[in-house]
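Please find the structures below.
The two complexes that follow have chain A in common; it is paired with chain B in the first and with chain C in the second.
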Partner chain A sequence: MALNRKVAIVNLTTGEIDIRPIPLEVRKAFLGGRGLAAYLLYKYSKPGCDPMGPDNAVIFSAGILGGTLASASARTDVMTKNPLTGLLGSGNFGGFFAPELRWAGFDHIVVIGKAPKPVYIWVHDGEVEIRDGKNVWGKSVTEAQWAVREELGDPDIKCAVCGPAAEKGVKFANVMTGIKNSNGRGGGGTVMGSKNLKLVAARGTMDIKIAHPMEALEYDKKFIEQITSAKVNQTMGELGTPFIWGATNSWGGIRTNNFQYNQLLYADEIEPENIDAWSKKSFGQYNMAACFACQVHCRARYRVPDTPLARKFGVANNYDEGPEYTSQGAFCSEPGCTRLDTLLICNHLVDQYGLDNLETGSLISWAMELYEQGILTKKDTDGIDLRFGNDEALIEMIHHIAKRDTWLGNVLAEGGIRASEIIGKDSFKYLIHVKGMSNLHSDERATPGLALNIATASRGSDHLRSRPAIDLYHLPEPVLRKIYSTPIPYDGPLSSDHTEYVGKPWQVFWQENCYMAVDCLGICKYHTTFLGATLPNFEEWSKVLYYNTGLEMSPEDIWNVAIRCNMVERLFNLREGMKKDDPYKGEILAERYFTEPCRRGAPDVIGKYIDKEKFLKMREEFYRYKGCDEDGIPLPETLKRLGLENLDDEPSRI
Partner chain B sequence: MSEEKTTAEILRDTRTYGQVRCMNPSCITRITPPPGATKVKCPQCGSEWRIFWIKPGFPRVKGPVWETSQKIANEKLAEISKKEVK
Partner chain C sequence: MNGKMLIINFEKCTGCRRCELVCSVYHEGVSNPAKARIKVEKWEWEGLYIPMTCRQCVDAPCMNVCPVKAIYRNEAENRVHVDHDICIGCRSCVAVCPFGAMNFNPWEKKVFKCDLCGGDPQCVRFCDMKAVDFVSPEKESLMKKRDAALKISEAKKLGATIQYEGQ
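Right, the complex of A and B next:
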């Protein structure tokens, strides 16, 4: 059955492997995926541990619906204590790894300790082995995956792999799968590298028995129709996620030249339509790829254009996928570059090095502003003219960060906060971050709800943990009320105006629970209330879960699981030192959000900035919805209600 | 399992076709571009947008008409600066 998959606890120091079942009551409390990973991280990482040391844990988790008949159930969460932030690190990728892991008999692989030499973990049909990693260590993301397939003699093996950047200890290295599916933002790759763990390889033939197969198939048709008929997904199937960047840049919601502007002007060459045209030129009309069980097909395939720049860096005609909208921000608007070949080269490089594109592009853009301000000079950059809009400098800096082979590359590889301590002067004030993690390229100065989201997201500045993205659609209040009053009633204020402050804390709270739930199930966020207002959420999930696994949970039950799992993430952060107003580890925006108004974009955006007083009130209201006090600390009655009052003291339930 | 329509299914009736929204955030007027049009001007706020067609009958805003948007933005910036000087 779908619920009989297991947890493997792998100790790389001792070589011990402990395989345990997942009790039903644990399933009901945390479901799986990111939610159960949060619980496992809390229990298996030592409080206050060095994220790069053996006491940290890194957890690979499939969603509870992975590999079933549920649509788009491809997601894998990787959770750890993030070396970049010292707080919760969590990433999520699609592709084909999660279903394979479940077919191999496992939902979660918990890795602790540190191997004395490079290794990889081989998971197959109920068994787990630690194997010598000499054939995969030192290889790029793609090469390592093919090397292990060759070594084990199976081309269908799926991998969660770290790249050369992780081996060098770059603090924002991803876990990757396939060509470009990136488990970013969480530092999972960095922690793998610190443990001498190059990859987890999975291959399985253990069927997952569907609880109610005919009903599951029948319902899936309805579910898929709801998803594929949405305009947002039809757009994504044509243009991929770059359409988001295009739409946002149209009105001025894209941070540009680090944070000096909020719109990249005359950016036609890197607009989604132009990227799509290049992808089609590379691969014809069937240029879009998809993850397991997904009908949207949002991932473009491309070859790096054969331009002088690509030839100079030795990547002309190389194959890759994407770019996603995050790469457009990281390698176009933030560093002020507008060339398509630059975007595609940079995207390719970070994929092969296994670097987080957002962090890499953001830190280079930050360094560009420091260079402009005279805080960094050519002496610091090893002669690179690090001005905004210098495509070649941007590409060179990606190499230097990944290899840590220049002073500045090595400093930036430590992440923004540590780098600002080394660089000194006023460098910190130019850093656009929350909890030590660089912000996405979106500029939230005109959107208070989105600003609250990035400030309070559990893994640091982030759009995929609680963003009320549909706030930008100005939906009529009755429509908003329908969405945000399900599955539990809400009769407080809601506003269609995204520049407003009222009602936003509830929207952020609701989205936080929506995204946690979908991450527990292992379904893609593009299949829920993220970019589309008419996509499935709690009500549909209750049915999908029952038909596929037999687990009976109402929409309210799933909502409560999400609240519980989000609270475990908060408790982890509090345990590791988060304090709400701490400029380094707190739930507060960079000061520039409160002092520098937008200077570009649509007329109603120009002049906008975040009102600090109103922002702090929003944050307090958000804390109330979570059952926390004004400092964001959970109240005892909240913990009791969620069954978390003994989390620190109880032995692990797995 | 309940056979009643879910909230998401009910909200499908609110979907619109053949239109784009003016991307000026507090305007967001619905505009119906003529078939094949490559540009459209908002009748409400004067913003001008470049149009891309996902397929016939399915337009989307590709981006602003830069010259128009820059002109409007500069006027707005000047207005704000004037207020600040006062």
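Right, the complex of A and C next:
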């Protein structure tokens, strides 16, 4: 059955490999994927460990529905203690790795220790091996994957791989799979690099038995229809995620020139329709690609245009995929650049280096502001004229960060907080971050609910942990109530107004549980209540879980699993030093959110900033929903209810 | 008579492999592409994905090579069928199929191939792009003619010269 997948604990120091089953009661408590990974990280990483040292763990996890009929059942979570933040690090990619890992017999690969020389892990049909990495080390993200296929003689091998940036110890290096599927924001790649682990290769031919195959097929048909009938997903299937950028930029919700503005002007060239036209020019009418078993197919195929800039950097005509919404922020609005070729070149470079696009673009943009403020000079930049809108400077800085071959590139590669300590002066005040992780390019000053989300996200500033994105649709209150009162009742306030503060803490709490559940299942967030109000959540998951795995969990049961898993992540962060108001490791926004009003955008945006007092009240209310005190520390009765009261002392349940 | 066959328009394929998934679930009750009758071949670095499955050939090499006549063509259903009661497992059919469409299941020691799911192919049912479609070849060629004709007329509008193969 789908529940018999195992956990492999791989110690790279000693070479020991320990394969363990996942007991049913552990499944019922944590399901799988990110939720179970959080538990494993808590137990297998040493408290207070150096994230780059052997005592840290990096965990590759497929969801409990990975490889099953559930739509887009391809998500892989990679969890570790993040070298960038010193707190929880977790990323998530689609592609084809998770199903392959499950066909090879495993749900979780827990890697501890440090290999004396470069290695990779080979997972195939119930077996796990540590192999010499000399053929893959030093290679780009894609070259390494093709090399391992050649070495093992199988073109269907799927990899979770780190790139050259990770080998150089850049603090925000991704784990990647395929051409561009990026497990970002978590530092998983950096930790792999620090362990001399280049990649995990998987290939399997083992059955995942579907509990009720015919019922599962029939239910799946309905489930997919619910997903693909949503207008948002139809648009995504045409234009990819750039459509979100287009919509929010025209409204005024995109941070620009680091944080000076909230809208990029003269951006016609990088509008989603134009990116789509370019992609279609190379790949025709059917230009979109998909992750495993997904009918949304939001990933465009493209070739880097043959422009003087692309030729200069030697990437003209190279194949890549995307760009995503986040790349438009990182390489267009934040650094104030408006050229399509720049966007496609930068996107390609970070994919090949295995860099986090948001962190890279955000830190370069931060450095641009420092340069314009005179805090950085031309001497610091090795002669690069690092002003906003300088396309060439942006591209050069990506190379320098990945290679760490200039003073500034090397400093930025350490991440914002460490870089601000080195650069000094008042550089820190210009850094737009939470917990030391640069913010997404969306500007939350007009949307308190979204601001609360980034401030309290478990992996640092992030939109994919708890963002109530449908808040922007001004849905009528009864519709909001229908969504946010299931699977457990809620009769508190809810507001259709995205500039309001009331009701938002509950929405953020609800979304936090919704996203945790979907990450435990291992399916894509575009297939749940994220960007569309009609998409499936707890009720549908209960069925899809039953038909595919035979596991009987009510919508409330899944909700409770999500609360438990979120609490484990919180306990991990508290263990590693998170304090609510700490400007470095806290659940608080950068000061500029409270002091600088939006300077551009629609009437409901311009002039808006976050009211600190109201924000702190929202945060306190959010803590209350989580069963925490006013400092965000869980109450003893909450831990008891969740069965986490002995988390520190209990022997690992796996 | 049902003259339909699986027609593959690979340009439409998004590479998602749901066809492999539903095929193995429908036939075997498991998710396992190693047991699917269809497989998407990929060249990821080109963005090229091509679903491959049985063509139900009229003059099928698998049928011709079979030493015990276990493979025959069901004309009513327009498909090539393996009779496992007769099959001796020599796998000559696997060796001669020009498309790699005859598979071997090493666990059960049996060859297996696409059976068109008894007339309702699940790969087609679940392919939203219809990169894999179930149509009659006559209809397919008529559609292709129309598409090509349109392209010629559009190209002419732009004043382009059409190059034909061999010219």
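The criterion applied here is as follows: the second predicted complex is superposed on the first by the 654 of 654 C-alpha atoms of A that agree within 3 Å, B and C clash if a C-alpha of one lies under 4 Å from a C-alpha of the other, contacts with A are read in each partner's own complex, and residues count from 1 in each chain.
Going forward, contacts are C-beta pairs under 8 Å (C-beta built on N, C-alpha and C of every residue); 3 or more make two chains touch, one makes a residue touch a chain.
A quick note: this is a predicted structure, and the numbers were derived from the prediction, not measured.
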Overlaying the two complexes on chain A, which is it for chain B and chain C: clash or fit? fit
Can A:E396 be said to touch chain B (first), chain C (second), both, or neither? neither
State whether chain B or chain C is in contact with more residues of chain A in the superposed arrangement. B
Contact-wise, after the overlay, does A:A267 reach chain B, chain C, both or neither (first, second, both, neither)? first
First (chain B), second (chain C), both or neither: which does A:R600 touch? first
Check the residue A:E587 against both partner chains and state whether it touches chain B (first), chain C (second), both, or neither. neither
Does the superposition put A:D351 against chain B (first), chain C (second), both, or neither? neither
Does chain B (first) or chain C (second) touch A:D77, or do both, or does neither? neither
Quick check for you: in the superposed arrangement, does A:E167 touch first (chain B), second (chain C), both or neither? neither
First (chain B), second (chain C), both or neither: which does A:H474 touch? first
Rounded to the nearest Å, state the minimum C-alpha distance from chain B to chain C in the superposed three-chain model. 16
Residue set of chain A touching chain C in the complex reads 2, 67-69, 96, 99, 103, 142, 146, 155, 178-179, 205-210, 213, 216-217, 220-221, 224, 228, 283-286, 288-295, 297, 301, 319, 321
Chain A residues touching chain B in their complex are 215, 226, 229-231, 234-235, 238-239, 243, 246-247, 249-251, 265-268, 271, 273, 446, 472-474, 479, 482-483, 486, 497-499, 529, 533-537, 539-540, 542-543, 546-547, 597, 599-607
Under the touch definition given earlier, write down the residues of chain B that touch chain A in their complex. 1, 6-12, 14-15, 17, 21, 23-28, 45, 47, 49, 52, 54-55, 58, 60-64, 66, 69-70, 72-73, 75-77, 80
Touching residues (chain side chain C, partner chain A) in the complex: 11-18, 21-22, 25-26, 28-35, 42, 44-47, 49, 122, 125-126, 128-129
